[in-house]
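Paired with chain B in one complex and with chain C in the other, chain A is shared by the two complexes that follow.
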Partner chain A sequence: MINIQSLSFSYRKNKPLFDNLQLRLEAGHIYGLLGKNGAGKSTLLKQMAGLLYPDKGTCEVMGHAAAKRQPAFLREIFLVPEEFYLPRVSITRYVNTYAPFYPNFDQGAFFNYLKEFDIPRDHMLTEMSYGQKKKVLISFALATNTKVLIMDEPTNGLDIPSKSQFRKVIAAAVSEDKCIVISTHQVRDLDNLIDSIVIINDHKIIFREDVQTVTDKLSFKTVSRIEESTGVLFADSNLRGHTIITRNTGQEHSKIDMELLFNAILTNQQPIQEIFN
Partner chain B sequence: MEFKDTQAIYLQIADYICEQVLLSKWQTEERLPSVRELAVLLEVNPNTVMRTCELLQQQEIIYNKRGIGYFISADAVKKIKQYKKEAFITNELPSFFRSMYLLDLDLDELKPHFEKFKKSNFN
Partner chain C sequence: MQPNNFFSLPRMQLYLQKHITDHYRFYLMGMAAIFGLSTIIPVLMVFFNGDAFTRMNEITPIYYMGLFFGGTLLTSRSFNELGSKEKGIDFLMIPASLFEKFITVLLFTTVGYFLFYHLSFYCTYKIINGIELTLRHKPIEQNFKFLSDPDEKKYIYYAYFILQAAFLLGATYFHKVAFIKTVLCIFLFALGLYFVNCILLTFVFGFEKDMWKRGMPFILVIKQTGGPQVWHTTTYFIPVWLQNIYLFAFKFLLAPILWTMAFFRLKDQEI
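And now, the complex of A and B:
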């Protein structure tokens, strides 16, 4: 679905953000893109959406070079950016203006999502709070039914009940032929939705695995005494004890702790990567 | 549903479904909610629910009618007890036994406690 080959990109000369970056994403999955501030998450998402161009290499989405922004590509991709602008019009006007660009747009679904999110239909977009605007945009994005849906920090600015609503609408939106890519710092908001993890660091993709493969190979647990555990790959200590990652030696599957995994891979990359190779 | 941090989500969903059956909230030969409905209800990835269904099918607790969905097996209750028993023996008993051993507890000593527990909780 998305195929990035040898991508190099920099905003400023001699300061490469991506250097020979490779990434392949398939349909039927929700990818969680994780990385530190400034690692290039948003930039990578913009490359996929054709909003930035590679300096070297290629970024192909559904067989199209994203940078060419052909209509056949644009009508099958939607990006919910972290910062966005909505015009000073009503919701109805907004839909009537923008929905025709998306041949699979489902108007009924759009208004259902708005209802789900508790958004008044008769307001001007500019009169809404940031969180409400975001919910309008997310509803619109889901209603477009594009094959590729990209969301940059979608749960930022959502209140507590909306996060649960967001998970419900995303769970309903996944299908075999769709590829959803979500970048996030709030992994706990989304860790039961994300089924594949992509970590970007130091100009490259340093990790890309299914959650299932991760829990097949690694165990995540909390122990009171670290000395009693063998083969600890990474440990984080807090008041409750130590949350640790070890190699999964049995048949048991623990629940993945994405924050812990992220910290582990950033600090202790090699031994963990060896387990996956 | 509240998920715990200890066990993989697909296993917790399997437990949830088994519990619904044991509590007779879902009857045998009844159709399970669809994978998508369950995913939305539990706010998880549909692929995770698929994995749960594969596991429960393997344990013969549910079966698949092509094109219609998953149904709860006629002898689901028996199969669930079998599956849970195995899980209990491999997952929970070792740490229980370990505590017993460390505390010098004997199995016979526990019997009255177990009887009392049964009486006060299930009578």
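And now, the complex of A and C:
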């Protein structure tokens, strides 16, 4: 669905942001694009949305060259940017104006999402807080039923209850023909939501696995004494003890700790990657 | 079904609707400001000096200033969205073709302003005429024809469309303070042409006769001989066939070329 081949891109000459980047994302998945601030997440999403042009290589989405920004492509992709614009109109007027561009827009679903987020449907967009506006945009994005949905830091500005509402509506919206890409540096926000992990660091994709494969190969545990555990790949101490990652040799099932995995890959990349290769 | 990726009338209508939703406040305020300014200033002038506008040709400078200044100011703001990341993403991601987006802007700025301004100035004229009738019991004397007497007056309207196209191209390059930056670019471009002309004249006529500083660039050059009491002036025009090419380009090519450049420049925009 999203096919990035040999992509090179730089904002300034001699300072490449991406060099020969390869990435293939398929329909039916929710991808979590994780990375530190400035890692290149937003730039990668913009490449997918056709907002930036590759210096070299290609970025194809549903067979369209993203940079051409043709209507056939644009009506099947929706980007929820970190900072967004909404016109100074009511929600109803917004929907009446923007929805006809999206052939699969589901108005009923839109108002259901608004209800889920506790947003009154008769409000003016200008009278809303940043978080409320973001919820309107997320609701609209989901209701467009586009095949590709890209979200850049969608949980920024959302309060704690809204974050769990967000996870709920996204999980309900996924289908076999949709590809959802969510970028964040707040990895805990995507717990129980994403089914594939893409980690970007130093402008490279350093990890790309689905959650099932990760939990098949790695084990996430909390132990009171690290010394009692063998083959610890990464450990993080907290008040409850130590959360550790080990190789999953006994085919036991553990719940993935996204933040732990993210930190492990950034600090101890090689041994973990060897397990997956 | 695969949509037409270049132009679709229903999609264009949707985009026009979206454009109005986003900009109607600005357009309404702009219209009120143009009508207000072009009416209040002459009305005040009539009140302070009853004879301010007794003839049509006394009003026309205000008409032309409003047409050119207001029009270019509006057009220079055409792609302001691209100066803001949020609005730029909204502009580029909305599922309409770039051609539809471009034509919409062209319709609202170049064509829309032209139509609105004439309607507005007609009302202004009627108001001034009404005041003159009340104060002086005489209507404004109709001594000015906009398209004839001489016929070359119609070139003012060609110039309007060329300037509009230049400012539209400027708007694709500059997203902030576009008006001033475009004026500066036009000035620098004209200055550049003048220098090219000077160099060409120096090559053709030599430096000592000062031909490079006499004439109208690329059109005519004036040669002066004799002096110091009696001077003989000879004017060299470019050939008629070249004049006709200039005229054709001025009337039919310049504006479309600038619009085409603006369109392709818009295509290159990144956020």
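Everything that follows uses one rule, which is that the second predicted complex is superposed on the first by the 277 of 277 C-alpha atoms of A that agree within 3 Å, B and C clash if a C-alpha of one lies under 4 Å from a C-alpha of the other, contacts with A are read in each partner's own complex, and residues count from 1 in each chain.
Assume a residue touches a chain if its C-beta (ideal position, glycine included) is under 8 Å from a C-beta of that chain, and two chains touch if they have at least 3 such contacts.
Here the structure is a predicted model, which means the values were calculated and not measured.
K.L.:
Applying the document's definition of touch, where does A:Thr222 land relative to chain B and chain C: first, second, both, or neither?
P.N.:
In the superposition, A:Thr222 contacts chain B only.
K.L.:
Touch test for A:Leu52: chain B only (first), chain C only (second), both, or neither?
P.N.:
Second partner only, chain C.
K.L.:
Taking the superposition on A as described, I'd like to know which of chain B and chain C A:His29 touches: first, second, both or neither.
P.N.:
first
K.L.:
Who does A:Pro100 touch here: chain B (first), chain C (second), both, or neither?
P.N.:
Only chain C; A:Pro100 stays clear of chain B.
K.L.:
Between chain B and chain C, whom does A:Gln70 touch in the aligned arrangement: first, second, both, or neither?
P.N.:
second
K.L.:
Which partner chains sit in contact with A:Gly241 here, chain B, chain C, both or neither? Use first/second/both/neither.
P.N.:
Touch status of A:Gly241: no partner.
K.L.:
Give one of first, second, both or neither to describe whether A:Lys255 is in contact with chain B, with chain C, with both, or with none.
P.N.:
In the superposed model, A:Lys255 contacts chain B only, not chain C.
K.L.:
Going by the contact rule at the top, pick out the chain A residues touching chain B in the complex.
P.N.:
For chain A paired with chain B, touching residues are 28-30, 164, 167-168, 171-172, 174, 192-195, 212, 215, 221-222, 252-257.
K.L.:
Mind listing the chain B positions that touch chain A in their complex?
P.N.:
The contact residues of chain B facing chain A are 3-12, 36, 39-40, 42-48, 51, 91.
K.L.:
Which positions of chain A touch chain C when the two form their complex?
P.N.:
46, 49-53, 69-72, 74-75, 77-79, 81, 83-85, 87-89, 93, 97-98, 100-102
K.L.:
Name, in rising order, each residue of chain C that touches chain A in their complex.
P.N.:
Chain C reaches chain A through residues 2-5, 8, 11, 14, 17-18, 21-22, 25, 84-87, 89-90, 92-98, 268, 270-271.
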